[in-house]
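Only one structure is covered here, and it is reproduced in the block below.
By written order: A, B, C and D. Residues from 1 in each chain.
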Amino acid sequence: MNVVKKLFKAREISSFLCLLAMFLLVGLVNPSFLKPQNIMLCFNGSIVYILIAVGMAFVILTGEIDCSIGAQLGLAAAVCATFLKNEAPWGVAILLALLVGLVCGTINGFGVTVLHIPSIIMTLGTNGIYRGLIYVYTQGKWVENLPAGFKGLAQTNIFGNLCWFFVMDLVIMLLVFLYLRKTRHGKRFAAVGDNEMGADLIGIPVARTKMLAFIICGAFSALGAVLYVSRVGFVTAISGNGYEMKAIAACVIGGISLSGGVGTVAGATIGGIIMASISRLLVFLKISSDYDNTITGILLIAIVVIDSLAQRRSVEKARRERLAARVTETEGGADHE
Amino acid sequence: MNNFGKTMKSKLLSWEMLLVVVLVLEIIIFGQINPRFLRINVLMGSINDFISICVISLFVTFVMITGGIDIQAGSIIGLTSITVGMLWQDKGLNIWVAAIFAIVVGLLCGLLSGFFVAYTGVQPMVVTLGGSFLYSGLALAVVNMSSSEAYEGIGGFPESFMKLSSGNVAGIPNQLIIFIALIIISYILLHKTKYGRYVFLCGVNPSASEYSGIRVKPIIMSTYGLSGMSASIAGLILTSYLGSAKSDLGATYTLPIITAVVLGGTSNTGGKGGVIGTAIAAVVIGILKFGLNMSGMPSQYLDIPVGILLIVVLTFRMTSSNPAVVAKFKKLTGKK
Amino acid sequence: MQKVETEALLKIKDIRKSFGSNEVLKGINLELNEGEVVALIGGNGAGKSTLMKIIMGIYQQDAGDLFIHGVKTDLSKSSLALANGIYLVPQEPMLFPNMTVEENIAMGFNENKIEMHKKIVDMIAHLGWDLKLDRRANTLSIAEQQLVEILKGLLRESRILIFDEPTSSLSFNEAESLFELIEDLKKKNIGIFYITHRLSEVFEIATHVAIMRDGIVSLSGAVSEFDKSHLVKALLPPGSELKTAGESTAVDYSKAKPMLELKDFSGYGFSGLNFEVYPGEILGVAGVVGAGRTEFATTIFGMDKVKGGKVLLDGEDITGMGTRKVLDKGINYVPEDRFLNGIFKIRETGWNISSAQLRNMSKIFLNKKAEKELADKYINDFRIKVTSQDQLMGSLSGGNQQKAVIARALSTNPKVVILDEPTRGIDAGARGDVYSIIGKLKQQGVAVLLISSDLEEIVELSDRAISMYQGRINHTFPKEKIDLDNLTAASFGVYEEGE
Amino acid sequence: GCGSKETSGGSDSSASAASGDEKLIVFVPKVTGNSFFESANDGAQEFAKKVGKFTINYDGSATAAVADQVTIINNAITQGADGIAVSSVDATGLDEVLKKAQDAGLSVVTWDSDVTADARQIMVSQGSPEILGEFLVQLSEDALKASGKDPAKDDIKYCWHYSQATVTDQNSWHDAAEKVIAEKYPNWENVAPDNYYSEQDAEKAISVGESVLTAHDDINLIICNDSTALPGQAQAAQNLGKTVKDVAITGFATPNAMKDYCTAGIVNNWGLWDTGLQGSIACYMAYYLADGNKVTIGDKIDIPEIGEVEIVNNSEITGNDSDNVDGSGVVFLPERAEFTADNMNDYDF
């Protein structure tokens, strides 16, 4: 009973319900949306978003933000694709992509923790730099005609039409979830975001934790880049443009607070699926594509506003209940309820 | 010790001075690379290309002082532009009436987002991200209401409207005059009025502001309205400058605006900052891009130097205000 | 590390620390031995917390060394301090707001969950405190947060434990149970630093006392060597005298018209309040933490919903008005949680003082001259220690911040002032200043509602007192009946009439 | 790879422009990082090296913003360039600045995407919207035939998938093609008259593509007149296991971007024109005009390495005689290519 109640209080649940409601609503309008095959396509389509949202979750949990992951993803994808194209072994290409992600993440972390630059500014700056480097690296050209085998990875399905990358994402997410919730080391991220001074007081290395969050975030964007390359099959200089905002939105929709300390990667994953599915929903709703942005905007605002109001209400309700419970009924009838 | 307050003030002053120095350096260096750069009409003309960023960042400063952020201003530019075009062409309104109407639209858009930020407690970044989608979508909806196609743009505006950006008074381009006027207005509003003080106080501690009898929510909401309004002014200028109303103008301005505000010395956590710094910083960035481009650097690479500038300047700023670093530095120089 | 019995547990040697040009510690020398409780006292801003934070590794000293058992030890990071068995219970609670009480306590411990849970439950039971483990920290009142912080410290098996004003917002019996525990700790040979502004506590639990003033330890020794007046004298700057509220002039209630009147006033956390305050009267409101005093005050002030009843100000019904209206009508409130609701930390002291009066001083444009005059007036009147009114609020000491918050409340010339824990965490000198401020208000005919958990304060200042218990007023005391015993008993709901 | 030479060539050029030897042409794409424009640049740079009389500075907006293009042109003027060859993001938005450039003595050529006729001197056109619209319909016919349909008789369900509602050229081709279809094939039904857009985001192109194929599982034809949308749509079909036989997917993209899909039997045919050639002609015309030459309608100009081109009236592309103004005309590209498995390996761009 208590467990069930607790589960329903979890913020991820409200995000999950939101996802469910969205799918069902679209299914009402256009039943073909609910075909299992299509649902799986939605999941397959979110493999990149899930990874970047999970990576972003680390940074946001520590109370910082990373506005450069779109460019990190693009840069790592460009490197990975270029090496693949030049027939480097896959492992080398993937490792190099990860290396790019780690370096980018380290630079961000360095700026935030050592140079004390506010993360939003640091990463806005590096976003420009990394994006510019993609142009330098690729000369603005598309990297295309990648080995068919590598592209085939993203088309290898298990359980019917479900891409194995999606399952991999879920496994990674689960491991990260357990790490963040159950291990002493993992709990540090939320603690740092929740109260930096308090974390410092009990001996949590704040700067190192933040640094680690940025590096992990970089690694996840690089991993996302590898999946991107496999899924899309070509890389352009604008690959990943704007993904940082989508990842942030995914985290927020998933119940992660931008002020740090609150939320889980499960929420980020659900948020990632929602963000990746919006453009699909619209196709099925038969709404003019002209309204893509309008509806995305309305959805985003509606979800976060409703969620926020519900949260506030429940907090306020709990407070009032607790306060009311303090008042004893000494003299009968004096109470005005 | 005695001059604690004064040193703080002079620190701020010197920050703005530093930006001016950077600006002068830029002009000198780029002038060396390409002497045409120094022609007065070239320099003055260059402001045309970043005036929108200058104008909007002045008022986004207000938002950031309340501890918020506004990443929707770019899409309000497009909405304003297409609104003014549509009203003028299809509804036959006088162009200036249409312009006023468009400014009101920008104001309302800003207020709507501001409302959500102030009254529902959703983080400003998310609300304005949603807003940026919403308003760029609405811009397309406005196009659909008009007789022209979205891709065509609306052109052929009357001469008087075109003068907004191409005319000049005593050799000073109108755009520069508008910019200076807006600097003065925003400066007075932020630093000389009660409203401006409230903006600061709400940014420092909203709860303490409530206890001081300040109506925090309307104040916060209003700053988004102001920035929306400034975005629509920028939209008008841009429409006049391009001679064409389009729904996707300004889509790329978000990052430069935030960059200018922060580089100008406004804290992203609220409570500190000012419009003069923002104004200078916006010009510093604009001139940097212009100068680099004139020196032959292709546009797609420009974000690299701007990013580096941002990081270098902030490193300087953060470390110089960090007592531990200052102490270390003093020790080092003292010993030598 | 080899233990050398002859060496002190902790030796502080010539510690120096400056913040910018502000030299806070000018060479501190102090020793702490096993089983000792060293009470550290000193005015606000004397540098007590700063010194403790240096020991804890939160701040780094500019010069000087720390020795543990005679071995020079690097404590420049909190992880190092923790490794050396040092723990600080901070003055301002630093909990993780989004974690539950239990998670907050368990964070930073290495025990497994079940063991930890048991330990926490046992400890709470032992102390007899009322604290729900599954509440999130951001729903705790400031007092409850302090309880959690203390728990964290007690559970930690440290060799050196530092309490920085642990009782500043605790009520009497919670403090008592803490003292009992400290006695236990003493017996376990743990060394304790105990910072406080309440001198009675020094004599109750400390073995030694050290007074900090002007950046040095001006006086130290075994408690037995001193008495209270001795300490007070050592605390105050030379030549100054401790102020009191002065003789209160009796209020004639028979003819007076009440300034503030509550009729069956109910809201969240309190119910059925009936009382009135007269001009020139100080009405003390006693009670334990959670009695609902802050709630009724903030509800009058328009911060929370009224559930029933009426508030009359000078005969006018102001029930349910918003804060701004209430302010205009002539009520002002000094909030309990200074950091959350009181100060604008990163702005000038002048801005802080003028913030409530601003809109009466200026229409559209700021009237900087009037603002400056206002701030100067209060800085002078209240003896707020600042370098200039441009000094940032966050860099003032706690007592001075508190005075500035009171100044802000008085700047609107209210008819009724509600002071909620006005002297929490401020030193004896500043406390005297606040008392004389309250005395002045009384003379000006302002009606003062004094909410305080420091019952001595109520005894000293009030013309009349009420006590609240579980959200209701359970007793009203005329001047002659106000004494510590009565108030304490009433606060705990055990007062018998005619006792 | 070979790209690094080009940029260094670009930055050197400002110096050489000052010395007056070679003309400096600023070559402006609609957007950088798009294979269409990049290959136009490749072709043009190579051509410039062979001809030698001018250098090309390739400079574009990364986000296809009008204001960015205006900035770039302004900079070209102040930088002292001799000519501009621009593919305009906006049909009228560059008019003012291009007139300013002409006043400042620069030659102004547009290519790929035009501005108002009197704002430029020459437009190097891949064809009028009508021509390209018809080309798209022809591509569709071929693709339908390959999937075993008879375009003339069978009921055909089709839709469009391209970048967005605000880009000029793709929308104008769409409009023209729709007119042709309405006239020629009343048996075709557009199942999504509002079109699908993927905003040049490759991932979104796949998502939208997959959804289109699922939401309309009986669709016969998808026309993707955008070089990001076409490979994305093809990838979507591949993900869903659809081949040429199930649905006809065609449109405009570079051969390199589509070869794999063609080999895999997902796409039968698609088209584009020789963008490198277009870039080369545009830059040459800019150089030619900047060199002091005047052109009038009917002139035939011999371009080294390429051959003879003819200047024709503006009305040829706008269909509006009033657009025929002095000193302004159009050059048409000689051909548009349709790629299939048979010829795609002859091209490398």
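To be clear about the criterion, contacts are C-beta pairs under 8 Å (C-beta built on N, C-alpha and C of every residue); 3 or more make two chains touch, one makes a residue touch a chain.
To keep track of the chains, here are their UniProt names: A = Autoinducer 2 import system permease protein LsrC; B = Autoinducer 2 import system permease protein LsrD; C = Autoinducer 2 import ATP-binding protein LsrA.
This is a predicted model, so every value here is computed, not measured.
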| item | value |
| --- | --- |
| Contacts common to chain A and chain D (chain labels) | B |
| Centroid-based (C-alpha) most distant chain relative to chain C | D |
| Chain pair showing more contacts of the two, B-D and A-C | B-D |
| Between chain B and chain D, centroid-to-centroid distance (C-alpha), Å | 35 |
| Mean-CA-position distance for chain D and chain C (Å) | 73 |
| Separation of mean Cα positions, chain C and chain B [Å, integer] | 44 |
| Two or more partner chains touched - positions in chain D | 7, 32-33, 62-63, 165 |
| Chain A, residues touching no fewer than two other chains | 131, 135, 140, 237, 257, 290, 292 |
| Pairs of chains satisfying the touch condition | A-B, A-C, A-D, B-C, B-D |
| Contact footprint of chain B on chain A as seen in their complex | 65, 111, 115-118, 120-122, 124-129, 131-133, 135-136, 140, 237, 245, 248-249, 252, 257-259, 290-298, 300-301, 304-305, 308-309, 312 |
| Touching residues (chain side chain C, partner chain B) in the complex | 19-23, 60, 62, 301, 303, 323-324, 327-328, 333, 335, 340-348, 351, 355-356, 358-359, 362-366, 387-392, 395, 408, 412 |
| Complex contact set, residues of chain B against chain D | 34, 36-37, 39, 42, 45-46, 48-49, 52, 140, 143, 149-153, 155-156, 162, 166, 238, 241-244, 246-252, 289-290, 293-300 |
| Sites on chain A touched by chain C in the complex | 184, 187, 190-191, 194-195, 197-205, 257, 261-262, 315, 318-320, 322-324, 326-328, 330-331, 334-337 |
| Chain D residues within the chain A interface of the complex | 1, 3-4, 6-7, 32-35, 38, 41, 62-63, 165, 192, 194-198, 200-204, 206-208, 210-212, 214-215, 217, 228, 231-232, 235, 238-240, 254, 256-257, 259-260, 264 |
